[in-house]
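Can you keep this structure in mind? I'll have questions shortly.
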Amino acid sequence: MYADYAYLIVGLPVLAFLLCLFVGSRLPRGGGFLTVLATFAGLVLSLGIFSEMYPDKIIHQSMPWFANFNVGILIDPLALVMLLMVTFVVTLIHTYANGYMNGDPGSSRYFAEAALFTAAMLGLIYADNLLQLFIFWELVGLCSYLLIGFWYRKPSAAAAAKKAFLTTRVGDVLFMAGIILLYNNLASLNIALKPGEYLLQFPVIYAHLTQIPPAQLTLIALGLLGGAVGKSGQFPLHVWLPDAMEGPTTVSAMIHAATMVTAGVYLVARMFPLFYAAPYGLTAVAAVGAFTALFAATMGLTAFDIKRVLAFSTVSQLGFMMAGLGTGAAVGTMAVGVAMFHLIGHSFFKALLFLCSGSVIHAVNTNDMREMGGVGKYMKWTMYTMLIGSLSLAGFPLFTGFFSKDEIIVIAYEYGVAINFLPYIFLVLAAVLTAIYTFRMWFTVFTGKERSDYAKHESPSIMIIPLVILAIFAFGFGIAAQGGFYSYLDSNFGHYDVNFNELAVIGGHAAEETKLAGEPAAEPLASEAGEGAKAESKAEPAEPWYIQILPIIVALGGILTASLFYWDKVKKFDPSLVTGDKDPLRKLLLKGYYQHEIMTAWFAETIVYGSALICNVIDIKLVDGWLNWLSALVMGFAQHVRKVQSGVVQNYITALVLGVVVLVVVITMAKEVGLI
Amino acid sequence: MDFSHYAPLWGEALLTVLAVLIVLLGSLMKNSGKLMGYLSAAGLIAALGLVGSNLMIAKPTLFFFDTISVDALSQFFKVVFLVVSLLVVIASLSKYTGKGADEYFALLLFATVGMMVVASSIDLITLFVGFELASLSTYALAAFDKSRKNLEAAMKYFIFGSVSSAFMLFGFSLLYGMAGSTKLTVIASATIANFGPAALIALLFVIAGFAFKMALVPFHMWAPDTYEGAPPLVSAMLAAGSKKMGFAAAFRVLLVALMALRMEWYLAFAILAAITMTLGNLAACWQNNVRRILAYSSIAQAGYIAIGFVVVGKAYGLAPTTAFNGIPISPAQLGLAGALLLILGHALMKTGAFIGTAQVASMVSKNDANDPDDISNYAGLVSRAPVTALCMLIFMFALAGIPPTAGYFGKFVLFSSAIYSGLVWLAVLAILNSALSLVYYLRIISYMFLKEPAGPKMAEPKGYVVALVLTTIAVLYIGLFPQAFFDWAVQAAAVLLPQ
Amino acid sequence: MIPLELYILLASIMFTIGLYGLVTQKNGVKLMMCIELLLNSANINLVAFSAYQPNVNGQVFALFSIALAAAEAGVGFAIMIALYRLYGTIDLDTIKAMRW
Amino acid sequence: MISNAISLMIAIPLLGAAVSFFAGSKAKFVALIASLIPLALSLQMYMEFDKTSKMMQFVESYNWVPSIGVKYTVGVDGIGFPLVLLSTIVSILVIIYSWGETKKPNQYFALLLLNEVGVLGVFTSLDFFLFYIYWEIVLIPMFFLIGSWGGPRRDYAAIKFFIYTHVASLVMLLAIFALYFTYQMPDGSRTFDMLTLLKATADKNIFPTSLLNIIFAGLLLGFLVKMPAFPFHTWLPDAHVEAPTAGSVVLAALLLKMGGYGLFRIILPILPHVDKAFVTIIAIIAVLSIIYGAFLALAQKDIKKLVAYSSVSHMGFVTLGAVAFTTMSIQGAMFQQFSHGIITCVLFMSAGTIQHVVGTRVIADLGGLADRMPKFAVIMMAGFMASLGLPGMSGFVAEFMVLTGSFATLPTYTMIVVFLSIVTTAAYHLWAMQKAMFGPILKKYMNVHDPHAYELFSMSMIIVLTLIFGLQPGLITGMMGTAATQVMQPVMTLSQMGVI
């Protein structure tokens, strides 16, 4: 019965949005509680639906929209785990925000936009067709734009908002191109659609992948990947994410860590069969992901703004997820489970970290870590919850991050065995750096002596409670959920008419065919629960022991290194050994590889705006110019013509006579040449 | 003795008698200007009634030893002339009231009679007499207010006019010499084409004579100066009336008597039309005197109308490929009909426009503007004299050929006939020209409506207003309900171009 | 009797002289005279032709045109006198206030 | 079922124009009523409109000038009716928006009504003669709106607008003549009946391709100039920059649509029978308009000029969709007409409001207005988002349909558009928003405030419309779809429809 109210999961936040927008300013705390309630209701509904559906049911409702498109709700395991995660995390963050945004004049606007965001995000998740997904995808982008620019009086905030919108827009263009391509390919198949079926619905897409020419599939896959890259801040479209930290910290936690940025990963997971079928589709995903993971991590090492550190780490972690999906080329659908697991886990501890940093910033009133330090003495709760988050992120054994991230490294190794070791190497290095920058941050903030005088008090409990809850999940989720999660996710594509063996052939995974053959994960209708688990257990022995323990070493080593640099108690080295702007390399890191200079200053402002100016000149001088030129010519000629009228009557007579003579001559000649 | 069979000509008779009467009365009773005005207005209305009573006359009826023919064509032109001079008279009621008004109205009536005679004469002698009657009276009218400008205008008009009528007469004499008769039909049947150069000379001399009245470049030189200098209402008469007389005569002589020389005058008019419309529009662009602008615009319009000759010359004898409402109409007929429609339309628009200028002049000259017709006096006219401004607006758009007006419909039919007979180049040229003409029409309009008023609100004299409103209504009516007029024009055309 | 060509020649010569005068002369009265030349050359034509024609239309036409020429002269001189009153001259090429 | 609904709808504003001209300061009430009735009529028509029939509906046909085969024939189908709806809606909103007009209000509102008459006439005429008359009449009110309520260079702009578009219409007229004199009814007579002539163009014996090409080019020019499409667009920015706000709104929202309407009603039925090179040419023109227009907008300093060029860019989608000639693309192009019609209103109204509240339109001089004009900021933001094609608003649906549909037949061009235009479009919108609205409020604007209620009202009304048609495009795409399929089949004459 919950399923019948699935639409409310989006409907209630929309309601909250409208209420906050129009009457919010008259409500206490800008009507924040409405947003919380709406989201919490969503959580309850999702749980109810989960209880109904688990283990092997899906919900699919659909109604026609316009032309040959529809709107619909599709809740399968993949969507459901996202729903649960988003509603849960966002509820907590909204609660936190009630404290954090308290007293801000625009708080009603904040909660309105936040509610709208929630609605859009949830709609994105359980859209049943690509167009609808795209629409919510864009709405999410809009909300991100609005919330980044929430403090619009700050020019930097306005600029960051614009940058975010435009950069993601670049990705969206590719996404849209992919959709157009996909639609036209499907349309050209003249599929006989059953009632209630529409071309862009995921089941329909899955079912007809085999009939689309592989080359087209690759193009489509690249298009969609482009969208994902833009939204999930993957290289080279990651530039907007660090700047996005201009928004309130809750926004960073909600949109730019836990939920929105994961939409890209979700999209790839959602379209996994397509990527799987497309030659080089998953390879591209793996490449982008692995590279971004390392690339972003290096930048995380040097940033001084605590939120930027977290932003870079988010980018890096999203890279992990992408890479995880990419390895699907080797391990089949199992990759989806692994990547999604890291996605969920990451959303817990990254949200936690952000909220903690927010709580710190709330007290210290600056983002700059160089002005913090020793905060731990005054903010115990914050310190320990953040410690849990950091350990989890660093992948400390038994913490969530350990299970999720390291599982990705493991399957990356399998990918290496099967295809190519580069992603594996990149990810391992990234993992080391992750541990380092995480604890660099933690030590710098909480240990040592105060480097500036700030309000020395703990944040209000309405902010602390969410931290604690999140901390629990950041620690326990891994242990609790791993096995069941994998099996549940593995069953996902079993609900649809999709044949991974054929897809593997199309996608050129024939090489791994032998390897995959034994894996139920790659078999059609691998729907029974536990199949995935079997796949797991089968996959495990594939790695030698050192691969198994390497992640642990990596995590511990990273933390140790960080402490040697930044923990005053055991300090051995001066941070300026690695940071600062003395030599090009360190400068390069500090400046984040000059990406801002290249993307904004050079490309946007010079190339694009310059060509616009050139167009303008052309338009004025040429396209419009010839008109003015012509009129000037005619008018000038007219000026001469009227001078013929001399005003002397004798001349008039002359003209008369000449007229007659000329006519006589002309006509006679015309007759001569036989013109008439 | 029974004159009843002269019934179709009572209109002319009435006006002649009335004119003489007015002169007599005028000499007897002093400052009876108003009375004269009303008398002549009444006379014109009556004449209009008489002419209208046998408008759709079936077959031509001939009078006076076959020198005068009353047929659809002649009636068409007579109606045009009568309407024009009626409007002028109405307008004049509020200008010519005092001493000398009797002469003014008498001359006006004589001119009208002259034109009517020309319209229906099918003999060179009567044609020449009518022509001169009209010319002489208008010479006098042009100088009527005896201001410096008047006299200069009259002088130029007179010299140029008499020279060109001399040309015409010489041409007539040659025609007579070649054909041995002055009857158009006889000349047509005579084989004058054999005389070669002489025939060509005769033709061009005749054309020169008519082209002077039609004001086709290069026989137009007098027109701008005269239209600018003469009393405004007289300019109206000249531009709208006597110009059309030129066309009436030209249609008769060329299409009946000189059809044998078709190719020659086809070429001649092709050249004249092209040059005329272009030069007229170009020269109008830079003028600051509104009446001069209108003068050049009416030269350009003459160029458009002359397309009618070209079409006829080109397409004469082509079988009709089109049945309009069941009646087959040949390209030539359509061209002539188009020319007639534009003549009708232009007569009205130009009368209106010149009456408008007359009114403005009369209003501003009270606060002695040095040149009452200068365009600066038209600034913000809409708030100074709303009715005048609105009517002028309609006339300007009509002259520019913006629908739904008489001007538009005339051009519509005429240009379409050009396409119909394959004269695409001419149609395109005409189209471009009417686009160019917008430059100065819009200039006047933007002065009247968009500029700040040049002075306080002004009282608008009754007579002018009545005339203007009547004209406006007519212009719009023809534009909105052209059906009857089209049929009428076609019937008139069929007189000269029977199937 | 005298051949027709000579009449036509005479007429043409008169006509040309008239035109020449019109184009070259300044004085209004002279211009009037030239116009008379033009008209009369035409009259000569008419009369001469009618002598060689069965009918007398030409002579009738000539009479009409003479009468009209007289009237024309009347109007013309009236204008000239008025001009002289206002301008103090009848050199027509000096009267060009209206042009362009 | 109202009889003669269309004639009534056209007659009432005409009457209203006459009345309000003499109504002095009361003119605005007259105008409101005189534009309310047509709106009511068109909504009534919407109710009665049969969205699935290929027939012309609400047809009225009377003899007018039988001698030359001119009839007074009006009627609407899926092509014309949405635009009729648009015209009535926009007209009344514009009148409400300019409620505070104090300079010669009687003329002002009379002209607005006259304009409504013109566009309604164009969208409903089914006789070339009638069509052309309305086509020309529309120029007049716009000329005066620009010329007497416009900015500093209004004379230049007004005259340029008038002559430029008039020349194009004259060329179109020549083409109409050619159609008229080439096709002959069975009884040997001629007709100006639009559908009959269009149907005849399919017959190679009557219209040899060589001739039809010329005719087609003439008609095409007439419409492309009106659209306006590159390279005939240069009259538009001048006209817009100088025009008063209401003038700009009407110009962009209604007058440009006449060009698009011409494409669907007249060009597309002929397109299959002319030289295939035309498809390429038009496609190139469309793509250039879209991209070039977007880049130009990016370069503008004046926010109104920016919006003007954005219209060029958006109307390019109409051309593209039309020439792509697939059901979906045509449907999308029609919807783009409608959607751009409403969206552009709010853009120009925003520009106008900024102009009269702040006193300048130069983007560089603005800043932080959101601080003082929160309501207005929200509306303007919504408008700009709609214009840059944000999903959930009508603009996106239209552009998505155009692009998806066009890809089937013109893949390369479509992809060029997708890659070059979308981001650029977003860029100039956001840039303008950011510079004008966000950032710290400038000292000199400390005392500006939200505009009058009536301005906000009409703007928010439009936003609501964009949302409605963005979330439920089916309201109107249905009839468009029918029309689109109809456009791709041979034309049906009225007699075949059995309506006369």
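All chains are identified by letter, namely A, B, C and D, in their written order; residue positions are counted from 1 within each chain.
Following the convention adopted for this analysis, contacts are C-beta pairs under 8 Å (C-beta built on N, C-alpha and C of every residue); 3 or more make two chains touch, one makes a residue touch a chain.
Note that the structure is a prediction, hence the values are computed from the model and not measured.
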{"item": "Chain whose Cα centroid lies nearest the overall Cα centroid", "value": "D"}
{"item": "Of A-B and A-C, whichever chain pair has more C-beta contact pairs", "value": "A-B"}
{"item": "Subunit A and subunit B, separation of their C-alpha mean positions in angstrom", "value": "79"}
{"item": "Whole-Å gap between the CA centroids of subunit C and subunit D", "value": "65"}
{"item": "Computed distance of Cα centres, subunit C from subunit A, in Å", "value": "98"}
{"item": "Separation of mean Cα positions, subunit C and subunit B [Å, integer]", "value": "26"}
{"item": "Residues of subunit A whose C-beta touches two or more other chains", "value": "642, 645, 647, 649, 653"}
{"item": "Residues of subunit C touching at least two other chains", "value": "22, 31, 92, 95-99"}
{"item": "All chain pairs that touch each other", "value": "A-B, A-C, A-D, B-C, B-D"}
{"item": "Residues of subunit C touching subunit A in the complex", "value": "19, 22-26, 31, 92-93, 95-100"}
{"item": "Subunit C-touching residues of subunit B, taken from the complex the two chains share", "value": "124-125, 128-129, 132, 136, 139-140, 143, 146, 148-149, 151-155, 158-159, 162-163, 166-167, 169-170, 172-174, 176-177, 180-182, 224-225, 228-229, 292"}
{"item": "Touching residues (chain side subunit B, partner subunit D) in the complex", "value": "321-328, 397, 402-404, 413, 415-416, 419-420, 427-428, 431-432, 434-435, 438-439, 442-443, 446, 449-450, 482-483, 486-487, 490"}
{"item": "Of all residues in subunit D, those that touch subunit A in their complex", "value": "160, 164, 230-231, 233-234, 292, 295-296, 298-300, 328, 331, 368, 370-371, 385, 390-392, 396-397, 400-401, 403-404, 407-408, 411, 414-415, 418-419, 422-424, 426-427, 430-431, 434, 437-441, 472-474, 477, 481"}
{"item": "Footprint of subunit C on subunit A - complex, ascending", "value": "642-643, 645-650, 653-654, 657"}
